[in-house]
Structures are given as C-alpha cells and as structure tokens.
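The following pair of complexes shares a single chain, chain A, combined with chain B in the former and chain C in the latter.
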Partner chain A sequence: MSTLVYVRGYLVRLIIVTGCLSALISWYFVSPQADAMFTEINLINMNVSLFTLFVGIITISARYIRTIQARQKYWPYQLYAMVLMFLWVIMGTTAGLYSDFYQTAYLSTKITLHIAILGQLIFFMASGAYRVFRIRNLRTALFAIGAAAICALNAPWIATPFPQLDPFREWLLSHPGMAPGRGIAIAGAIGACALSIRVFLGLEKGALRATEAA
Partner chain B sequence: MAKLPELKSQHIWAVVLIAYVTTAVMPLGAPFKIFDTTQEIYSFVESLPKGSIVVMGGASVFAFDLESSAAMISCIKHMARRGLRLVNIPLGVEAVQYQKYCTDAARVDQKYGGPWKYGVDYIQLPYIPGGDPALIQLLTNVRSAVSADVYGTPLDQFPIMKDVQSYKDIALWTCPHWGITSIFRFVTGERRIPTAHFAQAAAYTGSYGYRTVFPGLVYVTNGWLGGAGYEKLMGFAGVGHAANDGYALSSALLLIFTALGNITRLSQTGKEEEEEKVEVK
Partner chain C sequence: MIPIILSEVGQLLRTGRTFQLIFVIVLGVLIAAAYILGRRGKMWEIRPLEALEAIWEGVGRCAEMGRPVMVLPGISGLGSPETLAGLTIFGEVAQRAAEIGVTPISAASSSEVILASEAIIRSAFTSAGKPELYATGKYVRWFGGDQFSYAVGAAGQVIADKPAMTLQIGYFLFDVIVAAETGSRVGSVQIGGTLGSLNMLAMFCDHVFIGEEIYAASARISRDIMATATIAGQDWVKLIVIVLLIVGTILGLAGNTELYKIMGM
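Coming up: the complex of A and B.
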C-alpha cells in the first residue's frame, strides 16, 4: 500500500474517530479537556468549510479559462460569467455584504432570477395536474382525491367560509401527510448511517479516495 | 358525451398567467383564515418578557425562503412592539442577505422610524460555516464560534451581546429557512429551546410532525397563508396579503384543471366504448 493511500485511509479515520469521541464525551460527561478538544476540532471544521467556498470559484475559473482560451462553444458566456464573478467579489469585499448597495444589487439580479425560475413551477403544476391527476383505478383515485383535498382544504376560499373543515385539514397534514415524510426521513437517516459506516470501513469504492490512489 | 379535446400545455399556462397578472393589477382581497398554529406563535411571543433574546437563525436558499418572509417580517415587527431583542444567526451563505431583507422589510430600525437600534436591540452575525458542528459550538459558547458581527466589529462592543453567552440566554429560536432539521435536533431537541418554524407550505407537514415529538416547544406556520394570518394579527397588510390572492386563484385553477382532466378522460373513454360496439351477424 502506498504512503498516500495509507495516509488517506487511516489518518482520516483517526480524525473522524477523534472528532466523534470528543463530541460524545463533551455531551455526556463534564470534561473541560474534551470540551476544549471539541472546540478546537470545530474551529478547524469551520475553517475547512469556509475554504470550500473558494473551491467553487477555483473550479469554475479553471474550467472556464481553458474553454475561453480554446474558444470553445459558449466561450463568450463563460467570459461574461468570469468577469461578473470577480466583479461581484470585489463589490462584496469593498461595499460589504450588509451594505444597502450590495443588497440592492443582489436582490435585483440573483434573487430575482432565482424567484423567476421557482415561479415557473406553478405553470408546470397546473398542466401537470391536468394530465396526471386522472382517475383510472383505485390507486389513481386515492392519489388524485388526496391531492385535490389537500389543495382545496388549504385554499383560502374553502378555509374561510367553512372553518369546521379545519380539524380535518390539520389531521390530513399532520397524519397521512406527515407520516410518509417521517418514514422517508427515517429511511434516509438509516441509509446515511449505513453508508457512513461503509465509507469509514473502506467498503465503498473510492471511499476516502484510498482505492483511487491504489 | 361529446369528446373533449386535450388542452395544450400552452393554453393552461396562458390561463395561469392571466390569473396572476389579474391579481397583480387588481388585488382581489381574498379572505383567509388565521390558522390556530399562527395564533399559537403569536401568543407565545406575546408572553415573552421585555428584553428577551430571540434568534432568527438557519440556513437555506433566499428564493426558497421568501415564502417564509411574510411571517418572519410580521414576527420581527411583533418583537419590536414587545420590546424583545433579536440576534440574526446565518448558518448558510445566502442567509445573511435574507435576514437583512427580513429585518429591513420590517422597518424596525430607527433609520426607518422604528424603535430598534443596531447593536442594542438587534444584531447581525456573519455567515458561520461548518454546518451542524458550528451550530453546536455556537449554542455551547457563542464566542467560540463567532467573534465579531457582520461588519467585523468585536461582539463585546455591542450591548445586546453582553446578554448572549450561550443557548441558555435564548428565549425563542425562529427559523424562516428550509434548513430546519438541524434546528429541531440541536436547538429544540437537545437544548429544549422553543422553536418557531415559519415554514414554506411544502415543508409544513415535515415540521408539523415535530410538534408531537417536542410538545409545547415547536410552533409552525403554513407558508404564505400563515404569514398573511400573522400580518392580520399584527394589523397590517404585507407580502402575505399580496400573495394570498394569487394563492387563492392558483388553488382554484389547480382544482379546475384536475376536474377538467378527468372530465376529458371520461369523455374520451365513453367515445372509445361506443366505437368498440360491433354487431356480429
């Protein structure tokens, strides 16, 4: 096994175990030493997380610069994106994130565009409701009636004149609506635990990038 | 039954567009009900002693969280009226801008004629990276996770931060973000801090379940309607009221198109059955 693989595999595991133990000990026991270690590990974690913000800029810049130099397809858009990206960094750094100037620029561009993308959803939901919620058998009937009931009971023009429907609405949301979501969340959490254990034990291909280096 | 033609998607989109433009140009003032869940959070804020520390904290995407802004802005106005104090804790990159948007839109700062002064009644902390461990660190000891506000001024220079050392000083955690699960886990579950989630409608059912897990500690409002209800309780018409008309029309359109789709299918099914009848001599 090469040194790099050895370091990737075992040093990372050691860091993970140390972090987990310090978190558990500081939670379940009164230990100033464990608290201090947990604090230090958290600070390292915060610094590493902060650095990941730059990973996106570095990655995009590396790719876009290559494309622009080679004058590949869409290179003018990528040049525009690059210029805008760095101008935005300069603006944020000089004006400040909490300044009214930066806020106005941010709301006028990125947020407005993002909201426009999300706003399209209602159009697709309307046409989707027309095509998908068609009753053909019991299963599709339950699907369509359930969706229509949730939509109707939450509608202001139903909830206001018929307040006696409110308990039924709350029951629908808090029981049949919520229960599958909890099931999915629990299943996802179990899957995440299982995957974490597999990654930790090196059972996953590419886990901790140890097998790739081999 | 006469066979109904299949509507093109463009026709449906055109109807939805007309509906939204109409409500934008000519507000309908559609009535709405104040949900019990909205009343609960209003009553809880009313019960907090003057000077209590409330946190607006979480992480998500600005555009997604906009739906929660109606209730959050109303709550901030409520806090200002009650003499409470607000600490903004952004755990996501866009949360800084979103929390600034909510605070500015509430018009509580003295520069807008409100009662609050920055650093005394409210403060904006910078983006705190690190996810869940950073949140845990912040709850354990605020200054171990962050040492200055968003402007870079050391926290100890602000009167409000003299009263905020750890989670024990927080009376209520409000979260107008999608990233509520971590808040429920570490703020509500582990440290028993009452939490109000101004939920997007799509997240409402997921958050509502935590009311049974942590009874008496979790409050949830339902999307734009919840925000409109809070605005009504506060006595003003804000973005929640404005969204209510579109909300009412779109819910009606969804039901109409669902019914129309089924009627179209029934008409086509009947036609098929008639065609299948063949006389055999």
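Coming up: the complex of A and C.
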C-alpha cells in the first residue's frame, strides 16, 4: 500500500470517528459544543453530498455524450434523459422550485407516472403471490390461508358485511405478523451497530475497498 | 468521589437516554472483548448462510451462461447501513466476478452510491489484473433519484442485460417488486436482503438474507478473524436482548413496569 493510499485510508477513518463521536455525544449528553460540532459536520456532509451530485451529473453527462456521439446501444434514451435533465434544471432556475409552474409540471408528470407504476405493482404482486402461496405442504397451506384471510378481510366487499371478522384480521397482523417483524428489526439494529463498529475499526473491506485501489 | 462523578455525569445526560447509552457501551465493550479475544487467537465460526453460498454458485452460473451478475444496492444513500452492507457484498461479488470473467453491473439511485459503486467495480477489475476492462459509466447505471424511476430503470436493465443472477441487497421500499418480478421473468437467480421490505423481497427471491444476516455476510465472505469476532460480540448482545425480552414480558404480565421505567419508555 502506498503512503498516499495509507494516509487517505486513515483520513477516512479519522473523519468517521470524529463524526460518530460528535453525533453520539450530542445525542446522549447536554453539550452545546458537541451540538455545534455536530451541526457543523452535518453542514459539511451536505456540502460534500451536493458536490457528489455535481460530480454525478458531470460523470453521467460525459458518459452519455460519448454514447450519443458514437450512436451506441440505447443512445436515444440517453439523449432523452440528457434533454430532460437540463430542461428541468433550466425550469427550476428560471421559474423557481416552488413556483406553481414548476410544481404543476413536476407533480403532473411524477404523480401520473407513480400511479401508472402502482397499477403495475398489483399485477407483479399477484404474480409473485401465485408462486409463493402455492400449497405444497402444511406450512405453505397455513401461510396461504393467513395471506388470503388478510387480503379478503381488507376488501370492503367482505369486511363491510362481516365486521365481526375484523378482530381476526387485526390479530393476524398484530400477533403472528408483528412479532417476527420486530425480531428482525431488533436484530437488524444490533447488526447495524456492529457494522458501524467494524467500519470504525477499518475491518469492513468491501465498501471501503475503493480506498485501497485508488 | 465516584458518586459525585456519577452525579455530575448524570446531570449531563439527556433525559430518557441513560439506558440507551449503557446499552451502546455494553455493545461496544462486548464487541471489543470479542475483538481482543480474536487477536489473541480465539477462532470464531459463523454458521453457513444459505443465501451467501448461493451467491458463489450464482456467480459460477453467470460464468457458465455468459451472462452478467447484477447487484442492486437500493434507493438510499451511503448514510443507510443497509446500503453499506449491500455495497460490501457488491465489492466481494464484483471481485469474484472480475476474476472469472463475469461482468458485474449495477444501478444506483443516489449520486454518492454511484461514485462508490464505480470505485468498487474499478477496484475489482484492478485487483483481478484487468484494469483495461473498466470504463466509467459502463457498469453502473443511473435512472434518477426517485424510487420508482430506479425500479423501472433497473427492471429495464434486467430485461436488456438478462443477468443470470440478481442481488438486491440494501434499502428498498415498494420499488423492489418491479425489478424482482422482472428478474424472475428473465430466469435470473434472485438473492435479496433488506430489513423493512423483507416480506415483499421474500416473495420474489430464491434466497434471502434475514434480518442482520446482511451485516454478517461481509464478515463471512472475508473470513477475517477480526471481522468475525465482532459478529460474536453482536451475538452476545442478542442474548442480552433475549433475556431482557423474557424478563420484560414476565414483569409486564405481572403488572410490574419497573423495567419500562429503567429503559426510559
């Protein structure tokens, strides 16, 4: 490992340790100094994120321009993306992000597209559910019955004429459904803490291997 | 002297967070203890993770079929531990793929994840002795920051490139359904891991990392003694949590709320 890479590796760890300590102290202790430091680090983080956004746009533009010039695969889509990207930048800077024009243009495209995708999700979920809920043994049979009951009891045409079935749906969701969910959440939170400590100690190689190759 | 120090520290603590702080300190101490034991030669074993074994088989399948391996780290930024876990696994998969001539591809939602993913792939090709194969923007695609644009874009990429294996490990919401179902339709082996949308991911995946397995996977992959030691410390903490759950349930059923009060709830 070259000296430069070594120094860069330790600089990253130093920044991580400083950031984490300020966040922890600010969260657990009443300390205006730690609060101020945490706020400052947050601002720096926002600036760096903004900078990476610019780097990302420049990288994407450079790549797309090359592809479009060479008429490589998917170049029309990339041209379309480039035009839209700069069009939205111009619209945002001239009309303002919170102007009626920008908001209407944004919401009328985004919301309609979202709704179109939500419509597709129903078919995707039905397709996935068909594979998952095929009854092959007792366990999958119980699984399928539970899922079918929750689906059916959430449908107004069943839930409305049979309100007495609602407690059963509630029980399925709040007992057999919630318990494993909470177990996974608790174990996940502990795992995230352990991952943070590994990052602290420089043991987590995969995500940080970029440092070694730089 | 000690009570005075404790009293002074107690006044500095924010209300209702004492138990949290003690818990974090215990977690750190136990992981440090496991780490020190690891340094002294204690060997820790992690049980085989089925999903992880399937990843290596999947990379081999990609090589046999001459199709790429696709890794999706989700829609969050680098601030999410799930994304970090996904990128960690991506690093190892990209490395293995580059070594045996499989093309690793990815799609990122946030700008910082794009940069990290590019760096990971560049590093993988460099480590595999094939730096000439790397080109910026060739392997990592960007479809916008919105969750559904990411999902639809990733699904389009799945249809276009037909990966023999798709890994979806990171932070996902409903968007996971679109890419995962598309992966199923092109016959891709699907391996997933997330926390919030695990139920949806499990519907479409052949193998899943359940809960904290996504965080343990990197230690298992690297087989690094020190990294594995932190998993041992994590398991000790889980034992403490289980004891707390049992004691809390018994006390709660008996009508005693002392533990809730101690925990600041």
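Definition applied: the second predicted complex is superposed on the first by the 187 of 214 C-alpha atoms of A that agree within 3 Å, B and C clash if a C-alpha of one lies under 4 Å from a C-alpha of the other, contacts with A are read in each partner's own complex, and residues count from 1 in each chain.
As a working rule, a contact is a pair of C-beta atoms (placed from the backbone, for glycine too) under 8 Å apart; a residue touches a chain by one contact, two chains touch by 3 or more.
As the structure is a prediction and not an experimental result, all values here were calculated from the model.
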> What is the contact status of A:21 with respect to chain B (first) and chain C (second): first, second, both, or neither?
Replying inline: neither
> What is the contact status of A:114 with respect to chain B (first) and chain C (second): first, second, both, or neither?
Replying inline: both
> Does the superposition put A:39 against chain B (first), chain C (second), both, or neither?
Replying inline: first
>> Once chain A of both complexes is superposed, is A:129 in touch with chain B (first), chain C (second), both, or neither?
In response: both
> So, A:186: does it touch chain B (first), chain C (second), both, or neither?
Replying inline: second
> Which holds for A:174: it touches chain B only (first), chain C only (second), both, or neither?
Replying inline: first
> So, does A:11 touch the first partner chain B, the second partner chain C, both, or neither?
Replying inline: neither
>> Output check: A:90 vs chain B and chain C. Expected answer is one of first, second, both, neither. What do you get?
In response: neither
>> By the touch definition at the top of the document, which applies to A:106: first (chain B), second (chain C), both, or neither?
In response: first
> Do chain B and chain C touch any of the same residues on chain A, and if so, which?
Replying inline: 49, 52-53, 110, 114, 117, 125, 127, 129, 131-132, 185
>> Per the contact definition, I'd like the list of chain B residues that touch chain A in the complex.
In response: 7, 9, 12-13, 15-17, 20, 30-33, 35-36, 61-64, 66, 93, 96-97, 100-101, 104, 124, 126, 128-131, 133-134, 136-137, 140-141, 144-145, 150-151, 201, 204-206, 208-209, 211-212, 222, 225, 244, 247-248, 250-255, 257-258, 260-262, 265
> Can you list the residues on chain A that touch chain C in the complex?
Replying inline: 24, 27-31, 49, 52-53, 55-57, 59-60, 62-64, 74, 110, 113-114, 117, 120-121, 124-125, 127-129, 131-132, 183-188, 190-199, 201, 203-207, 209-210, 212-214
>> Applying the document's contact rule, which stretches of chain C touch chain A when the two form their complex?
In response: 12-14, 17, 20-21, 24, 27-28, 31, 35, 77, 81-82, 84-85, 87-92, 95, 111-112, 114-116, 118-120, 122-123, 126-127, 136-138, 142, 146, 148-149, 151-152, 160, 174, 177-178, 180-181, 184, 195, 198, 200, 202-204, 210-216, 218-219, 221-222, 224, 226-227, 230-231, 233-234, 237-238, 241
> Across the complex, what residues on chain A touch chain B?
Replying inline: 23, 35, 38-39, 41-43, 45-47, 49-50, 52-53, 96-98, 103, 106-107, 110-111, 114-115, 117-118, 122-123, 125-127, 129-136, 144, 147-148, 151-152, 154-157, 159-160, 163, 166, 170, 173-174, 177-179, 181-182, 185
